[in-house]
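Multiple structures follow.
Shared between the two complexes below is chain A, which pairs with chain B and chain C, respectively.
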Partner chain A sequence: MMDDFEKQLQEALSRKEPSPFFEARVLGAVKRQARERRASMRMWWATAVAAVLIVVAVSVWQHQRNEQAREEATGREAKARLELALKITSVKLQKISQKVEGI
Partner chain B sequence: MKFAIPVLLGILPLAGQDIKMPANLDRLEAKASEVVNVQLDGALIQLASRFLSDKDPDEANVKRLVGGLKGIYVKSFEFDERDQYNKSDVEELRAQLRAPAWARIVGASSKKKGENSEVYLKTEGGQITGLAVIVTDPKELTIINIVGSIRPEDIRDLGGHMGIPKIDIGPDKKDKKDKDKEDDK
Partner chain C sequence: MTKTGQEIGEQQRVDNPEPRTFASVLRSHQSMVFSIAYHFLRDRPAAEEVAQDVFLQLHKRFEEFESDAHIAFWLRKVAGHRSIDYVRKRKSQAAVDIDDVPVPSVDGEPEDHFLNRRLRLLIGSLPEKPRMVMILRYQEDMRPEEIASAMDMPVRTVKSHLQRSLAMLREKIDRSMGDVR
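This part shows the complex of A and B:
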């Protein structure tokens, strides 16, 4: 009874030769994992760079849009002031003409 | 050398303006019932003209008109009460508008109403380089200074365009004169 158990144990613990392509399969799996990790890292970096580029592009576009809007507001304000100045000047000059012609 | 920078900084803001507005004018704002203060330097005029359409004939005309301008400065005060401003402020202005640079081309006054209107032109080398208008009456003071190449009649003729009222003087008078002539006959 005891001998059977020892025998089974010995068999279970005895050195077994790996199958012929075991090493190649293990090395292949390691390389494949490393390759996948590198691809994953590259993908991560590409995504991060793309995200940064998008953020920068959106910021630049937004800044340009704000500058344009600011310039347009200043321009329209300046146009209104120009029209007011010309209106006052024109009316005054017309009135002066009226006075001169009335003399 | 130490004084150079403060002196330059003091002069630069006035550089665009042909005439120096008396400091007292700013105090009039509190007394006036209506105030208009327009200060446009060359850069702002050019920016404003970019928003004037080339397709609209009136705006295109104004664009051409202001193309040679380096500054437009208008200060206008209207008062509810009479004699709110000092005559010396106006004299200070007139003192700057002297020959040989400036020439008064029009002066119209009414002692009865206390009104006085003057138009001055600045010329350099036979070219008009500035225009100044001073209009005073007991309840109003208006000072206009336009820097650059401009003819007064071009601005006057803007009346009836761009929302600027046209003070119709010619036809009425002509009609009146014609009517008088007809009555004489």
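This part shows the complex of A and C:
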């Protein structure tokens, strides 16, 4: 149960109205906030897409580099094998030549 | 007799025919939020700034609220906390000792009662938490339990703030009325 003093307090603290433009200002700020949020979402997506593209490009480049290195290694190996085969053939031909000359 | 979900839904549609929108909530609660901040800060532009901030925060999570009562409680709670934060951040509102509060002159807003202005000044000179407790109690007619829940403090503390603030205000008012007489 409130006494007179408390009722006086209620009266002193009765609700006041904000300025007449308050509602429009808040609604404007809400629209601005939504626009900023959409812009920041778009920025976030653009950054994410750019990051994914960079990762994909780097992966493709790395893969191509690895492929090239593997092919070069295979080529070098084949060359070494060919050189060895030629060397063996050359030695054999030399021996045969020496035997033919000895007959 | 218990009501079915459909009947309750129908009743709610009858009681509240318009769907709840942010604009309708803003319209119906703006004076409540503004007044909490205004009586606390005693500064109209600052109170509007705080109130706008509260409504922007409400807009961000508007879909989470299920009832008007929930929204009203949340608004009171956030308006209270934001007002206290505002004063703490600004620190420009120098602490006024309750004994230093001047007796207001009789010329002012014509419709504003002399005693009301004096009371608002005295409430404005209370420390932050007791001041907000008094505003929620006498502006919003909240029970101590509701204030405790909104202000995240024990009910005991709320009751103690109320009792002490009331006693102090009564004494100051009696004294100042004596001075005027």
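In the analysis below, the second predicted complex is superposed on the first by the 81 of 103 C-alpha atoms of A that agree within 3 Å, B and C clash if a C-alpha of one lies under 4 Å from a C-alpha of the other, contacts with A are read in each partner's own complex, and residues count from 1 in each chain.
The rule is short, and it goes like this: a contact is a pair of C-beta atoms (placed from the backbone, for glycine too) under 8 Å apart; a residue touches a chain by one contact, two chains touch by 3 or more.
Note that the structure is a prediction, hence the values are computed from the model and not measured.
Residue contacts after overlaying the shared chain place A:Met41 against neither chain B nor chain C. When both complexes are overlaid on chain A, the residue A:Gln33 reaches chain C alone and has no touch with chain B. In the superposition on chain A, A:Val100 makes contact with chain B only, while chain C stays out of contact range. Judged by the touch definition given at the top, the superposed model places A:Ala69 against neither chain B nor chain C. Judged by the touch definition given at the top, the superposed model places A:Ser14 against chain C, while chain B stays out of reach. The wider contact with chain A, measured as residues touched, comes from B rather than the other of chain B and chain C.
Touch criterion not met for A:Val60: it reaches neither chain B nor chain C.
On chain B, the positions that touch chain A within their shared complex are 36, 38, 40, 44-45, 47-52, 62, 66, 72, 74, 76, 106, 108, 110, 117, 119, 133, 135, 142, 144, 146, 152-153, 155-159, 162-167, 169-170, 173.
Every residue of chain A that touches chain B in the complex is listed here, in rising order: 71-72, 74-76, 78-79, 81-103. Across the complex, chain C is touched by residues 5-6, 8-19, 22-23, 25-27, 29-30, 33 of chain A.
Within the complex formed with chain A, the chain C residues making contact are 22-23, 26-27, 30-32, 34-35, 38-39, 44, 47-48, 51-52, 55-56, 59-60, 113, 115-117, 119-120, 123, 134-135, 138-139, 141, 166, 169-170, 173.
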